């Protein structure tokens, strides 16, 4: 990946919630056009890391660089404006707004591309077209996840952050979601996702970082990680 | 004791008890704007009882408590169905209702009100005694099984229910106690003013009470001892050229406290710290 | 019995602990003997054959969302019953139905031989069901000890004479009694050193533990634990696991929701797995863990 | 003599100021709150009077100092303000509003201090006598006089309605007084129509009044509401202005500002001060007021009343040779009360007046509007 | 019958003023989830600014209107930062008290610095309602008609704005789920400011309409409107634009009828009693809250 340009760089990042340390001196990089997975069990700090990148959570120490610009102290809306989008944990539906409104808000900072991107989204997920006037809260879990991803790509982001996209999804949907992510990658988007479902995630991603109690304990190519005995025993359910 | 000081003390006692009347329902998470309603009930009852029926002071006070509790209990049944902002706003209506009702009742003096309420010789002493009694009452309440149930309801009604607390009963209880306290405040007020009329118990009184509650600190019973003398005394202490801005100063103090010191001047942690100083190991 | 994970915390906060200590409490002395927790409520120990709780064909709908579909559940008295399932599968909803936060759309909940369907939460709590919440809900402006004392609401009565007619700073007998008792519950869960701290100052894991102590203080026959180890590290989880064993040893039945499969496997006697609001497997932990549907829905298939 | 350090002394403490050769006179007025627009000019008038007195050498060789307190149109504040001054005071002027006066008057009564304030109810005056001294003439009696005068001038008026504010005791008392007093001159009050303070739309009240099918409309409410009622009556078919008569409470700039010239024309109003009065001292006061208040005129009734109260105090103190000596406080207070209770005739800023058993006896004025100009009717 | 029709028109006239204020307050509910009692006082201050401008500019109406718009927008926006920490803390109850104190300050400002605290009237030229149609007791003034139409139009425009524009959607998203809204890149402060700005603009419009219909203003005007509007808003359902409009018109009617046909001064007791009972019966309001 050396020839690719670096899109996100995290240096020595630490985050505290009061006295609790959620993230301890993490270093990581994401290059253009790859899918990177953050693996970790409950409370490992995955969501915290994602929230810190977009400025929703204050970094206690360290530096975050996006496209060679320091975004450590930039407010959330400006970070999003620079081309990062998020699929929040639990999908973050605006439950009593319609599917269409959710999609439109996905391109809050790029109003001029709404029409053409809506078409693309509807093409990819015809079901969303059928449900466009339904309240987002009444969609099934899988549909909501599709909507959340669609919403995240409405604004033509350079980097998409997904927080546990497989959460509460039946395995069939999980596969579908990951295949969509691969398609997005082919279209040139960069993806950083967090997963507890390490098996699936490593199967579809290029590289991975393993988080435990706020620290990166391992990192490397997905295939290497999947083969690592420690990872296998801790995250892949092979006791 | 000078007239000024004795009136100052009595007014402070009235407002401290009145602020406690707003504090108790807040313990159960309700911002109850009906305290002034109960104050009117207590005030009118005491006026009537002492002037027309010639009841002695303490009997009037007990009567006011009983009548206040009963008439507070009735709306409390309704308000136990509501919560949060809905209780806060709809209970404001009680003030306008009671004013309008009193104006139509001739034995309550209608619009003219009741004047010539008998003078109570030791009112300063009596009101201090009442403050002490209510202080002990609230202290004991706060540090009892019921107090903990109130706290649980304030934090989270759903959680309180899983502890076996009947949230509705606690709300009704809180509002009823509040009404009784409001009535006590009203009774002292009536004896102090010796004239009351419907407009006495109006919206501006409510604003004062809420300010005193929020400035003093609504999570302990002790904040009122600071906020009431401070706010009631503000236009008596500052130079008279500034006194005309007292209302504005009032508002600004409240805003600053709400923004910068959300729990009010006196917080529970402070009380605990002070408590430790007084009790040796 | 101090929790290992709390030790280092005390070093930092010990001064604070004294600082926040409720001054009416300093008379506490630790030589009191342990009382038997929860014992009087229970007949047998360690997994009898009686069902203390039965869910019969429980359905719960939220508008269009079907959160529970025909759930049957039998909880044996004295057992630890694990409940697993993916996020949103209806575990918390099951708890909410049992504890009366929601009444089921249809179906029956029978506890200790009594039909408790549609009862209000506080009535159900009176019948002897205690619970904790996935996201800890403690009373932040009370001390840890007072939180636990609040949990004793059910086991005490309002003593008007004692409350209002004692000298201001003298406690009634009942207050004194429950203060000692609450302290014992705190000792039991290993929070006794924090008794005088403000509950709002506790860290997440301690708040979880405090919730358990508070629920125990109501001396429930059945205790519902919703992800007691969420947000905890391995050491802390182990402590909770141990705590669950000890609660069970006192005869209290437990239903345990946890995402941590290892914890569930080790701590429970029986495990039920649900997905999309329906039961997909039930049995001994090892059986359920290896059940292909559970593996597929919850644990993830091997490729 | 007056030490130069006198100015540095704190106000409010009668003792220390008298030592410096100062007499403190406490004045209570609603300087803030809903009736500040009346309270402020009144307070100004008291200060102005004190200035005039001091310029002329003070009282008995002592300068006087006004100790001003705000009552906020609030009974509790009024009582509190009175309690602050009453221990050292010889006489207190104010509060200016009836409920505040009634409440604070009691405190003055308890301290045996003469209180020149809003005692418009005879029963209250009797209760607090001899210390309760009304600062203005009784409004209710003025209303009855005015109403009688009005129906005399317009003999075809045989039945009227009265507009009154249910939240104002004195207005309700007035309405009842008209109900019982007007039949003497052959006029019946058919209905009392209640108009609350701050009413947004006087339409309903006006429609009700017109529906009552009467010959005249007596408007017993304050200026803002009165203006709305007059406008509504006139646009809804009361063509003749002379069928409308308003009380002194309506006599304020708002009234003539809000009601259009057409609507105002021909209507009556009565007042306790004469806006067209042309005396030297009065003109001086008006000029001074204008200079201090960006050209506004002191048209509110209490302005001459507060001024007159101060002047009466001067006359009283001089006649009784009041020293303000704390040792003689009790005897001097008693003498002052006696003097005011049945006072000699006093030369006020708009003519002579006098107190008889605490009641102020002074002329009232009756006007008919010609356009916006009130013209006295004899 | 004639007087009945006259009273209906009176009621609708008052109701349309209430409706406009309730609309403005509902907008703020949608923006920040606050009950802003002080909004009524802002309208009052805006009117005062108009009056002062008229006096100093020698009756220049265009200038007065311009000043009113500026004052309305600026004062409303100036209150936004006060609420911000409370909103972030999720302290909704405290916002009522905060708004009350904004009301106190503005009222006191009026009674100290505007016309020495006296009420004041606007010149007939600004009251525009001079044009009236009168049929006996029935009087229809142009100003009332304009106010009624404005209330409906404002409600429609706000509905359109909140549902059909990106900014409106962003405002709703933020009130619905602040966290998600932030993740979508919606700026918290800016959006609030825009919402408050619009409410301020509306305040200026309302101020102009009140000048046209009522024609007078004074320090007590804010209080007169504040409590009634807030209670009406709850009666209809917080944040419910349509419900607020209908309830306000309806209550205006009821009030006029009560004044006209009920004996004595029971009106207030009945008016507030009915509202309170309905709120207790339906805590979410007659038409349901917006969320």
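Order of writing sets the chain letters: A, B, C, D and E. Residues in each chain are counted from 1.
Everything below uses one rule, namely that a contact is a pair of C-beta atoms (placed from the backbone, for glycine too) under 8 Å apart; a residue touches a chain by one contact, two chains touch by 3 or more.
Chain labels with UniProt names: A = Branched-chain amino acid transport system ATP-binding protein; B, E = Branched-chain amino acid transport system permease protein; C = Amino acid/amide ABC transporter ATP-binding protein 1, HAAT family.
Every value quoted in this text rests on a predicted model; they were computed, and no experiment measured them.
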Shared interface partners, meaning chains that touch chain B and chain D: E
Chain D and chain A - chains in contact with each: E
Contact-richer chain pair (by C-beta pairs counted) among A-E and D-E: D-E
Furthest chain, CA centroid comparison against chain D: A
Most remote chain, CA-based centroid, reference being chain B: A
Averaged-CA centre spacing for the pair chain C and chain A, given as whole angstrom: 34
Computed distance of Cα centres, chain D from chain C, in Å: 72
Centroid distance [mean C-alpha coordinates] between chain C and chain B, Å: 39
Of all residues in chain B, the ones touching two or more other chains: 99, 103, 244, 247
Set of all touching chain pairs, with the criterion as stated earlier: A-C, A-E, B-C, B-D, B-E, D-E
Chain B - residues contacting chain E, complex: 31, 78-79, 81-86, 88-94, 96-97, 99-101, 103-104, 203, 207, 210-211, 214, 244-245, 247-248, 250-252, 254-255, 258-259, 262
Chain A-facing residues of chain E, complex: 163, 166, 169-170, 172-173, 176-177, 179-188, 190, 291
Sites on chain A touched by chain C in the complex: 18-20, 41-43, 90, 138, 141, 167-171, 197, 199-200, 203, 213, 236-238
Chain E-touching residues of chain D, taken from the complex the two chains share: 32-34, 36-37, 40-41, 166, 194, 196-198, 200-201, 203-205, 207-208, 210-211, 223-224, 227-228, 232, 235-237, 252-254, 257-258, 260, 293, 296
Complex interface listing, chain B residues touching chain D: 2-4, 6-8, 11, 99, 103, 110-113, 115-116, 119, 189, 192-195, 197-200, 204, 235-236, 240, 243-244, 246-247
